[in-house]
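Okay, so subunit A shows up in both of these, paired with subunit B first and subunit C after.
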Partner chain A sequence: MTVPTPTQPDAILWLTNLNALVCGLFLLVSFGLVAIRQTQACVRLFILLSVLLGGSALLLSEIYTTWHLVVVGVVDICTKAVIIPWLLRRALHDEVYTRREVTQVLNIPTALLLALGLAILGYLLAQPLLAVGGPSAGAVNLPIGLAGVLIGGLTAAVRREAVPLFLGLLAMENSAFLAGIGVAPEMPLIAEVSIAVDVLILVMVVSVLTRAVHEHIGTTEVGALTTLREGPGR
Partner chain B sequence: MGNRILFNLVQLLTTLLFAPLVSGVIARLKEIVQSKRGPSIFQPYRDLWKLFHKDEVVSEYSSWIFRFTPYLVFVTPLLVTLLIPVLTDYPLFFAFMGDMLGGGFVLALGGFFATLAAVDTGNPYGPVGASRTRMVGFLAEPVFMIVFFTVSFVANSTIPYIVQQRWITPTAAFFEPSHILLLLAFLMLILAEGGRIPVDNPSGHFELAMIDESKSLEYSGRGFALMKWGGAMKFFVLLCIYLNVLVAPWGLAHEQTLGAVLLAIPLVLLKMLAFVLVLVVIESSLSKLRLFRIAEFLGAAFITSVAAMITRLFAM
Partner chain C sequence: MLLLIPLLPLVMVLLSLLPLGRRFAPIATLVAAIAELALAVAAALEVAAERNLVAIAGWVQLDGFGAIMLLLVAFLSVTAALFSVGYVAAHHYDAARVRSYCAHFNLFTFSLALVPVLAEPALVWIAIEFTSVFSVLLVAFDNTRTALEAAWKYVALMFMGAAIALLGFFLLFWAQAQAGGGHYSWDGLRAVAPQMPTVLVMAAFVLVLVGLGVKVGFVPLHTWLPDAHSQAPAPVCALLSGIKTTSSLYVILRLVPLLPAARINGALQVIGLLSAGVASFLLLQVRDYKRLFAYSTVEHMGIIFVAAGLGGAGGAGAYAALLQIISHSVTKSFCFLAAGAVLLLTGTREIKDVRGLIRTAGPVGAALLVGGLAIGGAPPFSVFLSEFSIFRVGLAEGHYAVTALLVVFITVAFFGILLHVNRMVFGAPGSLPAERRPRLPATAGAALLLAAVPVVVLGLYQPVWLSHVLAVAASNLAGVAGP
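Right after this comes the complex of A and B.
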């Protein structure tokens, strides 16, 4: 299917709709990140989330005809969909990836319902902000980004395994960006690049930390780390 | 007027005649995926033929419900066929008699009586399967509701003939997030309601693991044939709602002539074949969920449908 050049209003409609679709899928994947049990699947969902964010940036760059967002999209896909999963993969034991997280803090349907409530809260929060800005093609990014931030926070709160918990935090960052590119397409590039580098360093620190935790107590269930242990490990 | 009645009859006959074919094709394709040859795609017709020529055994201890149910299960999908677009994209005779919610209730009536009949005989496996079906049913119900509410929210109507036009005018509307998410949610519903693999194994013959099949365990002969045929038609009707109303009315007859309506039959069947291929991929690549994980599967469907609704809010 060929999308015509973005001078015609018809093409703008196409691009706006596709951007809204990408944002809708973004929301769905955020929900998935709360509920999926396997660590490996969590990483895949996070890759999908980052690709969707990049896709939204590219579509918005086409609508607003700005090259900033192209760079944002490319940097985003490179770091978050390729380098971060690769780093996590390298730094951690295979055993972490094969494990299922059986005990969440809340059971899955409850966590999903909470996430749903948070999504609606995100909509309510975004409503007055959108009323100020007036209608625009990227308007849908803001409520979904806000909802994604809240849901990412929930993911970090209900997860007990280190990697999914951390991916929840990264999802918050992703969602904040999704909201950002919707409202501020001309954001200075330096902001995006520095955040991308920050996130990379964060991943390295967290993976070293997780590895240390794993070597020390033989598990990465950070939810179990509630009591102090004396003496050498094990 | 006379034409319209004729078209309606053609729709009915299509449901009646091609429903077993769809289940035959699914069975054959699944066997091919597993590197086996599998039965002919016409096997369901032979099964029905055989069953209609066999004697029927009815327990003395069962009530009228047991005898009445096969007819109801057989008739309810046909009633729904009158309400939904099977072959035409313009409203026919009964189009405004009931909306999609009404169609859902009519289908649920058949399911309700099938459950009662399963409990009626006193066979221990019947009630087990019946209660499980009810469990899947009541978890699927909110998803059905939200899907239909979202449809009415987006298209301002739940009459299927009006809804289907909404998704393709203009063509870009097809890619609305609420539409795509709706399709995902309804796909999960079809898997649950049709007793397909992540929820139930349709080809399983182990009574303790059965969900959908165990309701017809006590039936034989003509009653069993009607139950089987009715089940196949229910699945066919669900596919029609999915493919013709919710996906897009592509391939449906637009002109009000008999030729166009007849031409729509192969096109709709082609659409179904495409869907069946997707279904076979899903069924062959997933394993059956444990019983208490079904709640999570349908919870995911519920979340998807609500996400469809709230992205519609967001995009407004």
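Right after this comes the complex of A and C.
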């Protein structure tokens, strides 16, 4: 099979469709992150999510012919698919890493149903924005990114275990980025790269904090920490 | 010069990690903070003379609004650093822990100084995110169960907000590209504001408002705030409540001029009133005096937001909001330092366990009383003056209901704060015998005195140069797209 060069219009179409496929898979993995309960599986899904984000960035860089997004894609894959999982792995005990969540805030079918609702909401919210912005190759990124942000928030909300909760938050950031590269491919590069640095620092801070929680409280089920509140209970 | 200001604390991070004994790092931090303050005043004087300071055009530059934030950051860093010298000494931390504290403290002040000098919104997002990330381990510094719990809530909600705000900044960039582009900076955005599609700017504003609203602590996104602001060490609380929340608010206010005033002012007033109202009643039922001041922060963030939504000829509402930002920052940091002094002396955060401070520890009791009166809005302190100017603008612009509600909430909060502070300062003295009471470190006392200066002075007198900076800042906030 010969891959057409991006200068031809049908090549653009081909790449656009491929990007849509990548975005669809991104949404699917976001759903997976809501449903999967095992910490290690969550990390694997997050790696997949980051690779898909990087893939979308590389595809869009071909479509828009901007080298910015090549850097963004490469930096993204390096930090989120390689360094962050490695940092988490290194910082946390095996016991934390292989843990399965036993208590659930919300059962899986309900969570998935909610996620579906949020995906539809994301689609609806994106419509008026896309109507103003006009058609573009990255248009598909916006509704999926919006849905991803909402679903990532849901993931974080239904989790009690530290690492999966944090991965939900990182998934939110990934989704915001997915929408961002679609609508603002010319965003200054320094900003995009510093965001990756910021996320790296955040992961280190959270690792230290999780370790401290594990040492001093003896659990990583952060959702169960509810000492701080007002009222006569204290 | 502008690049030097955030660079100073960054260099101090490395210096404080050097193993040069327990005394070195806190004192070096203090010296750097004083140098930073001198630079910030110099920068503000430049801005007062209507010269925009530009280090890297479109990336690093300072206007009036930025100058005010920078001054506050620098001043609060000095008082917090001064208090820290006594704080770490009183806690008998070992050398490694002192170094860790100072390194994190400097990282935090670095990020705070970064926010006002940057002019590119995406970079400002990163700076705001740094202010959260670098303060997490300070909140958890005591490693107690409650501190760790507060830190977890804090980091989770901060990052959740950051992700939402990030999407907002991408949309903002898109909106500017739709309007023909130009440099992505606060000025560049304002220049093309009338041409930007309102739907996109509105969507961006809502996302940033929700995302950064978490960091500001607007009701109903405020639940983490009393936890984090009560568990951190006192000097850090002073920075968190005094300026970190305000820094996030600063970014939201930067977006206000991009939207037609008629469409947005009502929303600002409602959101602000909700925060001020809910927080003023929550104040009444606290049991922990640091949480008392934390709820007061939520209330004041609401008041500032209402002021920003009042509009008014020649940016009168913006001017009042800026005054309130200044008076709240200096007063609230003073309150938290006073609360920190009480905690150092009594070892308890419970209001019911602290009684008769004025008899057992006169100066600290007096400081707490002054703090309570000042933040509640009693004359002649600076908060009274700024709140009064908000009422005046509200009445002049015909927002009678909004002003009346604001008066009610501020009165409730005043009585709430004074109710608790009164019991702590007066009343029968505590059970702790005099000889077992630790003494307040001299540097902590000096920090309290220094922090009290603007609280009192700005209520009576406003330097001419500061008025100039305020006028420039109000023009930065005035809407271009407004009617």
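To be clear about the criterion, the second predicted complex is superposed on the first by the 225 of 234 C-alpha atoms of A that agree within 3 Å, B and C clash if a C-alpha of one lies under 4 Å from a C-alpha of the other, contacts with A are read in each partner's own complex, and residues count from 1 in each chain.
Everything that follows uses one rule, which is that a residue touches a chain if its C-beta (ideal position, glycine included) is under 8 Å from a C-beta of that chain, and two chains touch if they have at least 3 such contacts.
Only a predicted model underlies this, so the values are computations on that prediction, with no experimental measurement involved.
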Give one word, clash or fit, describing how subunit B and subunit C relate on subunit A after superposing. fit
Touch check for A:18: first (subunit B), second (subunit C), both, or neither? first
Mind computing the angle subunit B to subunit A to subunit C from the CA centres, in steps of 10 degrees? 150
Of subunit B and subunit C, the partner touching more residues of subunit A is C
A:209 in the overlay: touching subunit B, subunit C, both, or neither? Say first, second, both or neither. second
After superposition on the shared chain, which partner residues are touched by A:45: those of subunit B (first), subunit C (second), both, or neither? neither
In the overlay, answer first, second, both or neither for which of subunit B and subunit C A:158 touches. neither
Taking the superposition on A as described, I'd like to know which of subunit B and subunit C A:172 touches: first, second, both or neither. second
Which partner does A:128 reach: the first (subunit B), the second (subunit C), both, or neither? second
Quick check on the superposed pair: does A:201 touch subunit B, subunit C, both, or neither? Answer first, second, both or neither. second
Quick check for you: in the superposed arrangement, does A:31 touch first (subunit B), second (subunit C), both or neither? first
In the superposed model, how near does subunit B get to subunit C, counting Cα atoms only, in Å? 18
Please report the subunit A residues shared by its interface with subunit B and its interface with subunit C. none
Show me the residue ranges of subunit A that touch subunit B in the complex, using the header's touch definition. 10, 13-14, 17-18, 20-21, 23-25, 27-28, 31-32, 35, 108-109, 112, 115-116, 119-120, 123, 126, 139-140, 143-144
Given the complex, residues on subunit C that touch subunit A span 120, 122-123, 125-126, 129-130, 133, 136-137, 140, 143-146, 148-153, 155-156, 159-160, 162-164, 166-167, 170-171, 173-174, 177-178, 184, 197, 199-200, 203, 226-227, 231, 282, 285-287, 291
For the complex, give me every residue of subunit B touching subunit A. 170, 172-173, 175-178, 180-181, 184, 295-296, 299-300, 302-304, 306-308, 310-311, 313-315
What residues on subunit A touch subunit C, complex-wise? 125, 128-129, 131-133, 145-146, 149, 152-153, 156, 162, 165-166, 169, 172-173, 175-177, 179-180, 183-184, 186-188, 190-192, 194-195, 198, 201-202, 205-206, 208-209, 212-213, 216-217, 222, 225-228, 230-231, 234
